[in-house]
Structure formats: structure tokens, C-alpha cells
Amino acid sequence: MKKHVVVIGGGVAGLEVAGQLSRVGIDVSLIEKESATGGNINNWFRLFPDRRRSSEVKEYLDGMNMNHDIRLHTNTTIEKFFRNRNNFSITTNAGKEMTADAVIIATGFDLFKSARKEEYGYGIYDNVITSADLEKMFTEGKIALTDGTAPDTIGIIHCVGSRDEKVGNFYCSKLCCVTAVKQAIEIREFLPDSKVFCFYMDMRMGGALYEELYREAQEKWGVNFIRGKVSEASETIENGLLIKVEDTLAGRPLKMKLDLLVLMAGMEMSEGGKKIARLGGLNTGENKFFVATDSHYGSNRSNIEGVFYAGTCTAPMNITETISHARSAVVEVVDYLKIAKS
Amino acid sequence: MNIQFDPFVIPFNIGLYFILLYVVTRSIIWFRDLSRPDKLRLQRGFFGTAFAMSLKEIFMESLIHRKILKTNLRLGYMHMSLAFGWFLLIFFGTVEADIFGTKHLNAPYKAIFFRFFNPDHGRTGFEAVYGFLMDLILAFILSGLLLAIIKRFYSKIVGMKKTTRLKLTDRIALTSLWLIFPSRLLAESFTSGAYSTGSFLTGSLGSWLATFLPAQQMAYPFWWLYSISLGTFFILLPISRYMHIPTELFLIFMRNSGIRTGDKAGTFTEVQAYSCSSCGICIDTCQMNYSAGITNIQSAYLMKAIRNNDDVSAIADNCLMCGRCDVKCPVGIELSPFRMIQRRAGEAENDIRNIYKGYFRSRQIIIPEKPVLSSNYNYLHENEPAKADVLFFAGCMTHLTPSIKNSMIKILDASDVKYKFIDEQGGVCCGRPLMLAGQDKEARELINYNSRMIWKSGAHTLVTSCPICYKVFRESYYLDVEVLHHTQFIKMLIDNGSVKLNFSRKKVVYHSPCELGRGTGVYDEPKEILRHVSKLETTKFEDSNSLCCGGSLANLKISSYDRRKIATNTACELTKENPDILATACPLCKKTISSVTQTRVADISEIVAEALNINLAKRNIISQVSSIKELVKI
Amino acid sequence: MNKFGFTISQGRQIDYESNSRRIADYIYDNEPSFRLCIECGACSATCTAGNFTSFSLRELNILIKRGENDQVYQSLKKCMLCGKCSLVCPRGVNTRNIIILAKKAFQLSDEYTV
Amino acid sequence: MNPEGKKAIWSEYQKEIADDKFFYVRSCIRQNFFPGSEVAFLRIMRDVLKKDVFEHPCHTTCSGIGYHGDVVPVETAMTVVARQFALMTEAGYSNYVPSCITSFGLYTEILDTWHHFPQVEEKVRKQLRKATGREFEKPKNLAHASDVIYKFRKEIAAKAKYKLVNKETGEPLKVVDHIGCHYAKMFPSKGVGGAEYPYVLTGMVEEWGGQIIDYPERRHCCGFGFRQYLVQANRGFSIACSKEKFESMEPYKPDMIITNCPGCPMFLDRWQYVINEMEGKKYGQNGEGIPVFTYEEVAGLVLGFDPWDLGLQMHQIDCEPVLNKIGIEYSKEDKYNLKVIPSYSRSRNLVNV
């Protein structure tokens, strides 16, 4: 009989896994807590470094599971999850019970809740927004302050909720730097007369074509980069924002008025992921993400045989990495199921 | 029948007398503006050999255009046919009018319009021969004119890559110039047609035209046209680029009487600016043009901008100062010193707008620049240098190419000279870069500082590895020591046998650095050294024709991207025959070129250091010495 | 006035709004590569003048960009224009032109009596 | 500005505050700066709110001022604090209420240290035993006096005679709140409303009819900073801090400043005078300065205590403008000839001392 695999999470990784599995003739149940698949990619307008529309990638992913029969359960969360002798029993919030020969966890990430960095006043000051909010503005095609006017000076704060032990996140979310640069460019495209300032701790332009994008931002778009972590933001009497930062390269504190402040929220283990970890007794690390059994050649394997990880539920990844991680997860599952059969 | 006058000659007369008057006044103004010593030089220049030389040069260059002929035959022919041809036409025309005319010493127009006033002249024997000669000359000119017209429309044909852009007055002047000879041709032809005179050109063309046109009536308007175009040309001459025709004569006289550009603007610079015929040779030879595609800063444009009193600062600063155009300029304008003056100068105030100023411009103004933001080097405190016979000054750039520095140390150690490495711990800049940026005052501060250091050391020889330093040490320092570039010094060591070198079978080409070659004329020593130690092969770019690496400090504007383009191009040219080593004698050249080629780029000092043949004992000592050096450094 | 035995200390804070970035803008307009500086410090490390005195092109760039013009004006004078910096710059910044343009910008402005 | 957002944060920073049987320890410097304030606190607690507040005659400085002035090592400070706790224990109280913000900070810091390093606590107990033979229990509840007033702000409002409202215009008074740095900046969770948007004073002011203004430099220190002030040569830094705050709050035209720390009212008050002397700069409406109050004084005023009983004549910046705005009646001539302080209940244990 056909093997049955349950994929938890219908984001980039989940969709890729589901698609690839069904291609090799395994029947798949895809469980998504939201009403639609896609996960975080739905909140992004364009993707770095080439600034293509995220919808293009979304179309590919949807295509993947359109073409094959995948049982998609939206608005579904897992309530029970345990291992029998050689399969898994899963109960959903709808009370539906299912057994699976293997489980792939693709619960992805949540954006850091920027309100936790109280000093930036997200949710308190008007005109302090997150990278996701900005993407929303891009999608709507209008960058405006709460009073409807267009901002003149825009500040972008890197590392919000990343590399910050004050919020308990020691790790680098890895994508915020390049996202900041991408968004800075897009802002300048939308508002040619605006000035954009990026406040960074380090520019971590590791990926392919990231550095080139950084250079373009400086040369072509005149984006200003100030090295220093913004320590506090406050509202001025004319409803603008006043930020305090050290210009560490000038070795001097600096204060600056801004119209709009964009917080580059980092990536955190998703709430869904945490729940699964609790239910299934899966190992998570100090950074709250799932821990794979081997960091080099077993990055998809969990501490429970037959449960595999795919994508950003194990660490911050960009879409390219997520998809390849998902594919490697598929290989792992297929191997596992073969062995299980014999 | 013999008419003595006709109204159509009036435009010509006006033009002629105007230009004569103008040239006289202008030359008086110029003379007045000369510095006193230059006045004396010029006066002396009118006698003896200088005068003879000037005449010869005027003939060879202004008429025959020998230099252009040498660099580009077709272009040369074009210039020659127009200049020399016209000269002959005038000369023989005058003679013709004189011998065949009614009386001697005619007014000029008689000569120019001879055929009109003596229509039935030239039928028989000698007259016919003479007529033939005149036609021949006219044909000669027209052939050149044809080339000129073609060139204007398709530069390639005359072998020019770029042709200079024109301003309005130039266009009008150009058209009138072009009209002169065709109109003369037609005027003469019609007249001859009417009187069935004229020789092979005018005669035959005339008789043919006469077959279907009323030659008698047709001739007259063309004589008018001929006269008018001459007149217009003369009147526009001073505010067009053709001012170079009369001005070049002055230039030649001045140059031969020993007047040089110097470092201030004045008559001579102005004369030079007006002597530029915009032939465009400087544009062709400029690497920034053909490697980096920067086509608006070449010397021809600099001259033009100055003649138009435009702001030249952008042009002046955007140049590698490689001096290639300098050596190639057929008029022999001292382009590099000229440019330096422009760098020192502030923006010229723009007074050309009023037409009078076009003719009688106030002497090329250098508005006293706002007080320069004076540099402040008082942080340089002087220490007592150790006494030595020979000083080695590596220079800033050499410190960025340690291989050169170490090679020089090795060589110096190997020889028995008592030397001191003066800027071992990093020295003070020689001042040349500041000068190239037109900031001589600041440069002087550094020069004085270094000079004091050198004096105190009591050395008799100063060796430097950097041609940039070398040039400034030689030209702008007042030192009582012998300044040598390390190539010259090594040559000396080889000659007096203080170093012994092994011959290597390596195939080497030599890139002559601008500052060392064209800059200070050191061409031979480097090549002799290379011949001594390796198989030196020649390239298409030897000596004064050598290329620039593109790294030159002299250019303050060019982007690193364009520099790279030039460097790449140069490297390709020099490594065509894929040599083992591309040798040079400048740290900057080495650094620039080595970053764009696979071929090994080595300074001559490196090659020599490798070829050093040291007997064992000595080698040990050196290894000890150098090891001690290391320790000391640490 | 110091009748209390002390005076009110001046802040070291750069007040971005109140500073004039005229010099910076002049350089931006005439030397775009000025924007490319990533403050790596290669220029300062190799600097001939920096070998003798506290001159740092890296710092200078920042101060120009922040509009700390008085400080710029003072340290600008120390540069020897030797050009080593331009050879080591990883971003191909035309360093010498920045110095020259800065000097020019100061000359053009009348606020600074030279 | 989105008040909902603030409320959300405030809701995260609620702290438990005892509602009776307080062991009150005074501040070293307040009684010289604004002697009326602590008395006012006791009057409010005992006579208005009818609470049991105990004072011990033998309590000393917590040595925090020396600790932050870099002259008292932390272990010494701990032992001194242990002794205070011992006095509380002996008196049979367990709700510790310091009057001083720095003390509060120090107590919090020490309790936290002991929590993480029990061996240190043990050591301190030994030292205390050796030195004084006393034993102590850690307080069950540690709250700053302003926390206590905050807790009873509604009761006070209920009994209030005046509101923080301009009686001419009916507009609420614009109040700047200034929280002592040691209140919550070290341990945000120990302060009402946390460190970024502290609510302790805001709560009172809003309850009593005033309106808090939120200005950019509200987080900034008043400049006391111990080292800064205690060394004369450093006072330039101290005053610079206050100046920065004034410059920042000026455009909002505040009617008054309310503080909950011994140093802050002192410096925000006196430095206005010094700045005027040095630079001729006057703050506040028509240059009469921005009056600075302690929260006890404000509580006293709204409850209708006589300004001069509250010791408002001790202020450098005249408080009359505010009194007039609120419409509090007072007699000009009494300002500097103080009558007998009206009787109010003293600490039982102090009556015959």
C-alpha cells in the first residue's frame, strides 16, 4: 500500500516537501494553521537579491501541489502527536485522527514581535513600523505616514530581536541586513526625494549577490549607512521621531530626526513549532529552534526516528536554502520509508 | 582692354586690410605682455641662426606640415595642400601679376583676381606655361580641400579616429574657407570660357561650361563669391580656430628664440593656445580616449576651451599627464606644462560673450584664486638623519610594493656603498602629487622638509625607486646632491663592477614609465640593464611612444574603473608577444599593471636582485644583515 | 561665567539636523565614489601623513558626511595627497579627489576664513 | 502616540504592593532638600488613609549614596542593608518601604544578588551576626514609597480637595514626570510600568486630573549621578544633563514637574536657577521657571494641605504659579514665617523619644 506522510506547515518548505513527496508517489497530508498556504512569503512583495516578485515563487510552490493529489488541511493545528511502534498518530483541532508512516515538520519561523523592544516604541509611536509592514505598503503601492503624507527621512534599524541577549536571542537572523538594503532601495524607488539611513551593527552580506546589492544601494541609490545600534527612539512635539545612536565610526553619539522608522524584525522559532516540540518531545536548542541530530550531514533528522525537519524551523534560512533543505528532507524520508519496509 | 578696378574686390580688400591691421596690433599687444627677459630673447631671436631655424621650421611645419605627414600621411597631405598650395598660389599669383600685369607692384587684389583683370592673358607660349602652373597649384589645393571635406564627414578616411567639434564662428569660417577655392575655380573657368583662355583645368572646364552657359555673365557673380568668401574668412579668422595660421609663425619665432612655457600664463601660453590647429592628433594618441572612451578632455579641447574662455578646471584636472600628446603635437605646443598652469589657475572669468573681446581679449586672465586652504604640516618634526654617502629614498608608492624595496636593499647591500635608507620607517611625500594637483605652496613645504633631511645627511647621491619622486627631486628641489633613479644607479653599479649579475634566458619587455621616460628622459639605462641580465625584446611602444599604465597620480578625476580599462589595454599591448616578464621601473606602474595581467610584472630592481651573483661569504653576511634588519624591524 | 566653580559642559553629540552637510553634498555631486566608502580603514592604515599625526581619511569621510565641518577643516590640512590611500581602497573610492573637492568646497564657502 | 500600546506595556509591568503595615525608612538627603515631603507621606498614610506605618529610630543610611559615589564597597552596603532588614524583622514588619529611590534600587539589587548567590547572603548574615548579633528576614514585599502612593492613588483622588486642572481654562495641567534612574532602569520588572514608559507617577497624575506629557528626553537622568555632583569639577556634566531635559521639554510648555527621587527634584529645581545665572536662560511660561514637586507634595496639595506646611517655600522655583492655576488658596505672608506645624499622628514608638 502507499506510504502516508504528514507534513506540518504549509509554507515554502512544507509546500516544496509535499510536492516532491507526491511526485515520488507517496501520499501526503499537508497541515496548515492558516486559511491559505504560503506562510511568511505571503507577507513579502519582492525578494532579495534580485527583487523579483515573491508571487512568482509562490506560483511555483502552488504549482507543485496543484499537479499532484495532496490532502490539504487548512485552518488546522495539531492537538495530539505521538509515535506508535512503526507509525505516528496525529489528532487535529478538528478532532480528525490520522496515522502517518513519517512526519515532516516545516513549521517555519515567526517574525520577532518588535513591541518587545520597548525602547523603539513599536505600537506606541505613530510611524514606527516593521519590515513586514513596509512590505505591505509596497504591495499597496504607497508609502505613507499615519497622517497620509509621504516620509522625507526614513531610518532602518537592523538586528531588531537578533543578536540581542536582552530579548534572549543570541543568534543572527542572517536575512535582515540584505532585506534592509533591498527595502532601502525600494523606498528610494518609491520616493526619489527621500533620504534613507540604515543603522547597522555589522553588514552581513554573506549570500550570493548581496554585496553587489549593498554597493548598488550606496552608489546608485545614495542610501546612507551608519554603524551603530539605535538605543532609543522617542516622539517629538511635531509627531516626528527622534533617535539616539552612536556613530561608532565617528566615535560620537548622534541624534537625528526621522519621519519613519522601520524595524528589521528578526526570525524566531514559530509558536506552532514550539507546540509540536512540546507534544512530540522534540529537541530544541538554546535559540528555541529545532535541533537536528547532526549539524553537517543530518540537518533534517530529529531525535525521533521518522520525524524530519524542513526549512526555517531549524534555523534562519533564505528561500533558496529553505527549498534545498526541504528537498534533502524528502530524500531522508524516502530512505527512511524504504528501510522501514524491508 | 584692361580694367583697373571693379567693386567686387571691395570685400576682399576690407578683409585683407583688416586682418593685416589686426595681426599687427595683436602682435604688438603680445610683445608688450612678454616678460622683460622674454622680450630680449625674442629680439635676439630675429637675428642669426635662430632666425634661419625659424624660417626653416615655418617652411617645414607651417607649410609642408612635416610632422603631420610623418604621423599620418593623408592628414598631412590635406594640411600641406591647403597651406603650402595656398602659399604657392599667392606667391606665383603676385609674381604673375608683377610680370604680366600692366605695371609693377600692384595692389594685392590685382594678383588675386589677376584672371578677371587680364581675361585674355595666357594664350601664348610662356604665359600658357605659367597659366598651367597656376592651374596645377589650384588643382593641388582642391585635392586637399576634397580630403578636408571628406574628413569633416567621415573622419576614418583620412585616418583620424576623432575629429574635433566646432563652434559656430568656426563653422562659418570653415565654409568660407571651403568656398574660396571652388569659387575661384569657377570664376576663372567662366572667364577663361568666355575668352577661351586658361589652362588644362580652368580652360577645359571653362570651355565646357561655355558650351551650355553664358560664360561672360556667369563669371562675374563667382568673382564676387570668391572675393566675399575671402573677405569673410579674413574677418572671422581671429575668432575662429584658423587664427592658428598666423599665430603659429609667432610661436615658432618665440620658441626658437628660447621662450618656454614656464609656470605662469602669459603671451606665450596664449600664443600656444591660438597656435593649436585642432588637428586632433592629441586626441588620437590619448589613451583616455581610445582605452577608456573619455573624449572631451584632450589637449585640443583644453586649447579650445581656453580660446573660448570657458571654465577649464574640469578638463585640466582630468588627465593622466602621461605626455604622449606632448611629444606628438605637430605644432610643438608644450601641452603638459600648459595643463599644469591651468591646474594652478582658478576658473577664468568668462568674458568672450562680447564679440569685441573675441578679437581683443584681455590677456588670458587667472583670477587670483581664493586663498588656498593652506595645508599645515607643522606636525613634521625634524630628526637628525645618520650621515651617509648614498641616500635611498623608496617613496610612498615603493612602500606599497615591498618587493621593490627589498630588492633595492639587497642590491645596495651587495654593492659596497655606504648608504642610508632614509624613509625606511615611512617617509614624507616628495611633494609631486601636490604639485600635480596644482598646490605648489603646500608642495613647497614638503620639499623644504625633505631637502633639509637630505642636506643634514651630508650625502652626495640620492637614489629613489619612484620616478614620481625622481622627477620632483630633479626639477623642483634645490639640492647639491646627485639625484639618480634606481635604474641609473644600478647601471652605475654594473659599470663600475660593484655588482655582478647572472644572465637569465628570460624574455623581457620593458614598459617605460611616463614620469621616468617622457617625464625626465631616462630611456636607455633601464633597457641597458635589462639587456645585461635578460633577453630584452622591443614592443610597438618604445621610448617616447611608450604607453601609460593608467595609474598615474596626475589624474584627479578619473574613476578606478576607467583606470582599470587603460591598464588592461596597456597590459594587452605589451604582452602581445607573451614575454616571461613585463619589466618596468616604477612601483605605481608595477602595481597598476600587475593587477590586470597574468604575465609576471617586475620592477628592474627585482630582476637585478634575482640575478645578483654574490660569492658565498658575502651572501652569508647579507643574510645575517638582512636577518638583523628583520629583528630591528620587530 | 564661572562663579560656581564650574561651567555647563558642552555635549559631544552630533546633532544631525543642525549640522550643515554642504561640504558633503558638494563632494557627492562631483565625486560619486565618495558614497562607496565602507569605512574599512585601509586608507588610514597606509596613510603617509597618518604615520606622523592623527590624520585619518576614514574618519574624515564620516565627519564630512555628518557635517562636522570644523573638525574636517582642521584635519584636511594635514593630507599630503600622496595617493597611497587610493591604491589600497577596496571600493575604488577616488580618495584624492575627495580631499581636493573638500578643500575647494571650503574655499567656495565664505564661512571659513582661511 | 498610541495610548493603547502604552497600556499594553503597563499591563506587563504590574508589581505587587502591600496594602498595610509598612516599615518606612527615610532618605538621607531628602530631609535637607524638601523636609516637608516625608512628613507629608506619613500624614497621608496615617491620617488620610489610616494605614500602619512604622518608623525605627535606629535606622541608618542604606549607604547607597556612598555605594554609587564609589566610596562604599558592595559587601559593606549589603551588611548595612541587612541591619535595616534586621530592624524591620525585630519590629515585626515585613513590608519594606524606602523613601529614597537609590535605596530602593540598592535593596532590589542586593535582594536579587542574594537570590542568585545565596552564599553571598550567608556571608552577609555571618558578618551582621558578628558585628551586631542581629538576625534578619528578607522583606516579603519591597515597594518604594511612590509605589505605595500609586497603589492608593484612587483613594487619594476620592478624598481630594483639588484637581490638577487649570481652574481658569478647565484644561488639565501639563505635567512632566521624572522617574529616578534607580527606580526601574536597573530592574524594569520591579517598577510600575517598567523602565521605558514608567507608570508610577503617570498613574497618580492622570488619576488626579493632570495630563502627562511625553517628551524626547524623558528617559534622561537629572544629572545628579553622585560622582558628577559630589565632585565640584564634574558639576558641569551634572547641570548639562538637566539642561538637556529642560531644552527638550520646553516646547511642550509644561506647568510642572513631578518626581519620585530625592536628587531629581533638588537638581531640576536648583539647576534652573544656576542655568539662569550662567546663561541668562529662563524656562517655563514667562520665565518664571518650571516648578518641581515631589509626588508627596503633589498628593498633599490635591488633598488640600497647606502649601507652606508641605515646605514648598523651600523650592528655588516659586510654586505659586501652579497653586494659582489649580486655585489653591494660600497666604503670601505666611510663606517665610512658618506657624506651628498642625498636629498629626507621629510614629507610636517615636512619641516619647
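Per-chain residue numbering starts at 1, and chain names A, B, C and D are given in the order in which the chains are listed.
In this section, a contact is a pair of C-beta atoms (placed from the backbone, for glycine too) under 8 Å apart; a residue touches a chain by one contact, two chains touch by 3 or more.
Nothing here was measured: the structure is a model prediction, and the numbers come from that model.
Undergrad: Starting at chain A, find the fewest moves between touching chains needed to arrive at chain B.
TA: Steps on the shortest route: 2.
Undergrad: So which chain is farthest from chain C, going by the mean of the CA atoms in each chain?
TA: D
Undergrad: With centres defined from CA atoms, tell me which chain sits nearest the overall protein centre.
TA: Looking at where each chain's C-alpha mean falls, the closest to the middle is C.
Undergrad: Decide which interface, A-D or B-C, involves more C-beta pairs in contact, and give its chain pair.
TA: B-C
Undergrad: On a C-alpha centroid basis, what's the spacing between chain B and chain C, in Å?
TA: Averaging C-alpha atoms per chain gives centres 38 Å apart.
Undergrad: For chain A versus chain D, what separation do you get between their C-alpha means, in angstrom?
TA: Roughly 45 Å separates the two chain centres.
Undergrad: What is the distance in Å between the mean C-alpha positions of chain C and chain D?
TA: The answer is 47 Å.
Undergrad: How far is the middle of chain A from the middle of chain C, if each middle is the mean of its Cα atoms, in Å?
TA: 40
Undergrad: Would you mind listing the residues of chain C that make contact with two or more other chains?
TA: 11, 33
Undergrad: Chain pairs that touch, all of them, please.
TA: Once each pair is checked, the touching ones are A-C, A-D, B-C, C-D.
Undergrad: Sort out for me which residues of chain C touch chain B in the complex.
TA: Those in contact with chain B are residues 33, 46, 48-49, 51-53, 73, 76-84, 86-89, 92-94, 96-97, 100, 103, 106-108, 112, 114.
Undergrad: Which residues of chain B touch chain C in their complex?
TA: 317, 369-377, 379-380, 396-397, 399-400, 425-429, 431, 433-434, 437, 439, 442, 446, 551, 553, 556-561, 588, 591
Undergrad: Could you list, by residue number, the parts of chain C that touch chain D in their complex?
TA: Residues 1, 3-11 of chain C touch chain D in their complex.
Undergrad: With touch defined as at the start, can you tell me which chain A residues reach chain C in the complex?
TA: Interface residues on the chain A side: 203, 215, 218-219, 222, 224-225, 227, 247, 249-250, 252-257.
Undergrad: Mind listing the chain D positions that touch chain C in their complex?
TA: 232-237, 239-240, 243-244, 274-275, 277-279
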